[in-house]
Amino acid sequence: MVLTRLIPLWIAIVSGVAILVSAFIRPMESWGENFTDTFNVIAAIASVLGAGSLLKANLAKVSRRDAGWGFALVVLGTFLITLVVGLGKIGVHPSHDFPQADFGGKQESADTPFGWIYEFAMVPLTSTMFALLAFYVASAAFRAFRAKNLEASLLLGTAFVILLGRTFAGVVLTGWLPDWASGLRLENLSVYVMQVFNTAGNRAIIIGIALGVAATSLRILLGVDRSWLGGGER
Amino acid sequence: MNRQRLTWIVIGVVFAGLLVVRGMTGQGLGRVYVQHEDVAYAKVETKSAQGAPTVAWKRVAEGGVADVRWQEWSAVPPKAWFEAQAKDPRQSAITLSWPRTIGLWLAAFFTLAIFSFLWADNVFYKFAEATVVGVSAAYWMVIGFWDTLVPKLFAALVPAVVQAHVQPSLRPVDDVQWWSMALALVLGGMMLWRLAPRGGWIGAWPLAFIVGVTAGLKIVSHVESDLMAQGLATMESVVAVVPGADGATDVGASVWGTLANLLVVVGVLSALTYFLFSVEHKGLVGGTARVGVWYLMITFGAAFGFTVMGRIALLAARFEFLFDDWLWLIDPNHLRA
Amino acid sequence: MSLLARLQSLDRRWIFLLMAIAVAGPILWSGLTGKTPPEQPTDAARRVLKVIDDLPEGSRVLFAFDYDPASAGELQPMATSLMRQCAARKLRIVCIALWPLGGNMAQETIAHVIRADFPSLREGVDFVNLGFQAGNEGVMKVVLTDFTKAFPKDTRGQAAADLPILQGVRTVRDFPLLVNVSAGYPGSKEWVQYVVSASEGSVKMIAGCTGVQTPQMYPYYPGQLAGLLGAIKGAAEYENLLNGVMGGDPAPKYLEAQRRMAPQLFGHLLLVGLIVVGNLIQFMGRRGTRA
């Protein structure tokens, strides 16, 4: 109980309160700074935990010969290759500033194996994954976007104003409007929508989230919310 | 042979045929050219004003006596190779880079493999998906190691090693930072214990530290920036006085500015009323909340419009890669002509 | 089968094909003719230009690259133009990244703009890349009190505290301008929340955001955020304005966002068309059922 709940609870309270106080009391600033610096390094170590979990899950898949275990093997293979060439700085030449440091060179250039993996695997794979969504947005627009009621019509109408007003189409379609009615041109309407209605809506969301975050954080710092410890609130 | 497989084969054959045709016409298909540079440094030992020996590294010309040598390869636009070849067909200063050209074709393969999911789930897509998972996880780990752990954690705990092999410019750290990093190492090690089958509680300590620090950071920033500053921005004077070009008040712009400010205030208050779940949405509250819903719908419509814009831009960038870098169909950056 | 029934059960792959044509066609047109659609800059883009322009020569700019290649299609043209204006204005540029691949994006932008077009600028004196640091908003907290503690070295291995460009910099408040190109978390929102708000007005910030983020950033503009470039349209507007200010024929790399507005135009028109047709189909289908 002491090791599993009491000590973690006090670690959270002390570290959180130190950060909170450091924002208001100048002499305490360094406390906040050092705790946060420790936090940043732990964040870097967390990537090891993530990679370890990935390895564990995929190794289990391969050893059990689960469906698609061949692709788990691809995950493991590409992971290990990237890790070895990256951590070992294989094929990386020293830095011009410090030729004596054998591990001092940069490795983002494509003439290093790690840079090659970045440029010819990471870049095309991740960017195409994101680009794929353009097709699914189009499909969803055709199948699911229906002006069923006033609210849905407002959503669709705004989408039209933004889609047309943020391209040259807006100028072509409504550029003929006289100057006294220029506010109704699509390109101007899209700006008003963003600066007035979107600002108001998003501001309300932001204020709502801020209240929620402040309340949750306070509950954690006061030790009231212990759900993060697991096993439910006590 | 089922219909889907037949479709795939037809698409593949047509595509390969088009590629062959493209490869045999004009400047051909995507290739990468490089030029290389020989780099050499010599160690120069001097004495400081106090008489202490110091070591400096001096770059030496090609063929000179050097302590460290290496070669650097940098990509050049294909037109540099065309020009060099036109001058001297036997030149070797600019050459075709096989590793990078293979890489370019691999990048094209990965791009098409991901796009192939649009037709149906298939082995190429699955292979690309598995590759992105494996490469990304390792990539982030390597970056975290070299960019954060080495210059901060190891630089504090084993400075001599870091100074000798990675960063000779390293400065010594103070005691407080040493203790911060030692704490990070201990908590980081405890966090990795989560991978072990037993002793789950060990991982709860670093988690507690992360939760505490995050709560401390968030409470200040959200109250200061999103509650106070955003609240104040809404409570600013609603009446707008916009000066015209001649210095006098522009009545039209001022009326519109005032109306816009008023609409923002109404929108924020009504949308916040909608989020008020502890009061039943009836009567005045219900009516106000309904206005809030309209504002939120307009907000979501704007979000949809902008999301579409973003996705199409990303798709355009991938098509540009295929048409420009790989197929050499277009040359918007004038790299080949 | 009637046309209506066919449309109702249309295979989604036809829609994918239409989208591919709507985007690929204008790219080929723009690539072959070199033409771009005309651009009408908005106030938000003008403000970005003005904020940078108003800084005295030699001012330090903190340039945070919080994106990766996945969003480079939208954000790289912004980063390119922002760095170009900063370099042309002879501001001293300090690049950092809170995204693991952000350091690479900074390096590419430096190569693309500074090394190519401003070769007289010296690394470590006029510009520097301090690379990536893990910790997200934790890093923002540390730069508020000790900048070089958060970013101890540059990508060449030089100690940050020894760099001429950082002499006199103790905290982030010593940078009059923060330029952030952001694809999500951590990014523009967090810089506003953790740094701009805490700096009590000493740090001005301008941001270039993805389309997904832009609507969420509008409430901060023009108060906590001095300028905002939203999605590829914001990049195209700013690029257009900057090309006008710089004069002469811009290099093709400085027209990237404006070129990308051609596929954008047809992609948007297709989307609007699809929504209209989808609604018409449903409307006609309902009428048919009633009849």
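For reference, chains read A, B and C in written order, and residue numbers begin at 1 within each chain.
As a working rule, a contact is a pair of C-beta atoms (placed from the backbone, for glycine too) under 8 Å apart; a residue touches a chain by one contact, two chains touch by 3 or more.
Owing to the predicted nature of the structure, the values given are computational and were not obtained by experimental measurement.
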item: Furthest chain, CA centroid comparison against chain C; value: A
item: Contact-richer chain pair (by C-beta pairs counted) among B-C and A-B; value: A-B
item: By mean Cα position, the chain sitting nearest the middle; value: B
item: Centroid distance [mean C-alpha coordinates] between chain C and chain A, Å; value: 16
item: Centroid distance [mean C-alpha coordinates] between chain B and chain A, Å; value: 10
item: Touching two or more other chains - residue numbers and ranges from chain B; value: 118, 139-140, 144, 147-148, 152, 166-169, 177, 213, 217-218, 220, 222, 225-226, 230, 233, 299, 302-303, 306-309, 311-312, 314-315, 317-318
item: Where chain A touches two or more other chains, by residue; value: 19, 23, 30, 32, 36-37, 39-41, 43-44, 47, 96-98, 101, 104, 118, 122-123, 126-127, 129-131, 134-135, 137, 141, 156, 159-160, 163, 166, 194-195, 198-199, 202-203, 206
item: Multi-chain contact sites of chain C, meaning residues that touch two or more partners; value: 16, 19, 23, 70-73, 101, 103, 133-135, 138, 141, 149, 157-158, 198, 214-216, 219, 230-231, 233, 264, 267-268, 271
item: In the complex, chain A residues that touch chain C; value: 19, 23, 29-30, 32-33, 36-37, 39-41, 43-44, 47, 95-98, 101, 104, 106, 108, 118, 122-123, 126-127, 129-131, 134-135, 137-139, 141-147, 156, 159-160, 163-164, 166-169, 171, 187, 191, 194-195, 198-199, 202-203, 206
item: Complex contact set, residues of chain B against chain C; value: 118-119, 139-140, 143-144, 147-148, 151-152, 155, 166-171, 177, 213, 217-218, 220-222, 224-226, 229-230, 233, 299, 302-303, 306-320, 323-324, 329-334
item: Chain C - residues contacting chain A, complex; value: 10, 12, 15-16, 18-20, 23, 37-38, 40, 42-43, 68-73, 101, 103-104, 107, 133-136, 138-139, 141-142, 145-146, 149-150, 155-158, 198, 214-216, 218-219, 230-231, 233, 261, 264-265, 267-272, 274-275, 277-279, 282
item: Residue ranges of chain C in contact with chain B within the complex; value: 13, 16, 19, 23-24, 27-28, 30-32, 34, 70-74, 100-101, 103, 131-135, 137-138, 141, 149, 152-153, 157-159, 161-162, 190, 192-194, 196-198, 210-212, 214-216, 219-220, 223-224, 230-233, 252-253, 255-256, 259-260, 263-264, 267-268, 271
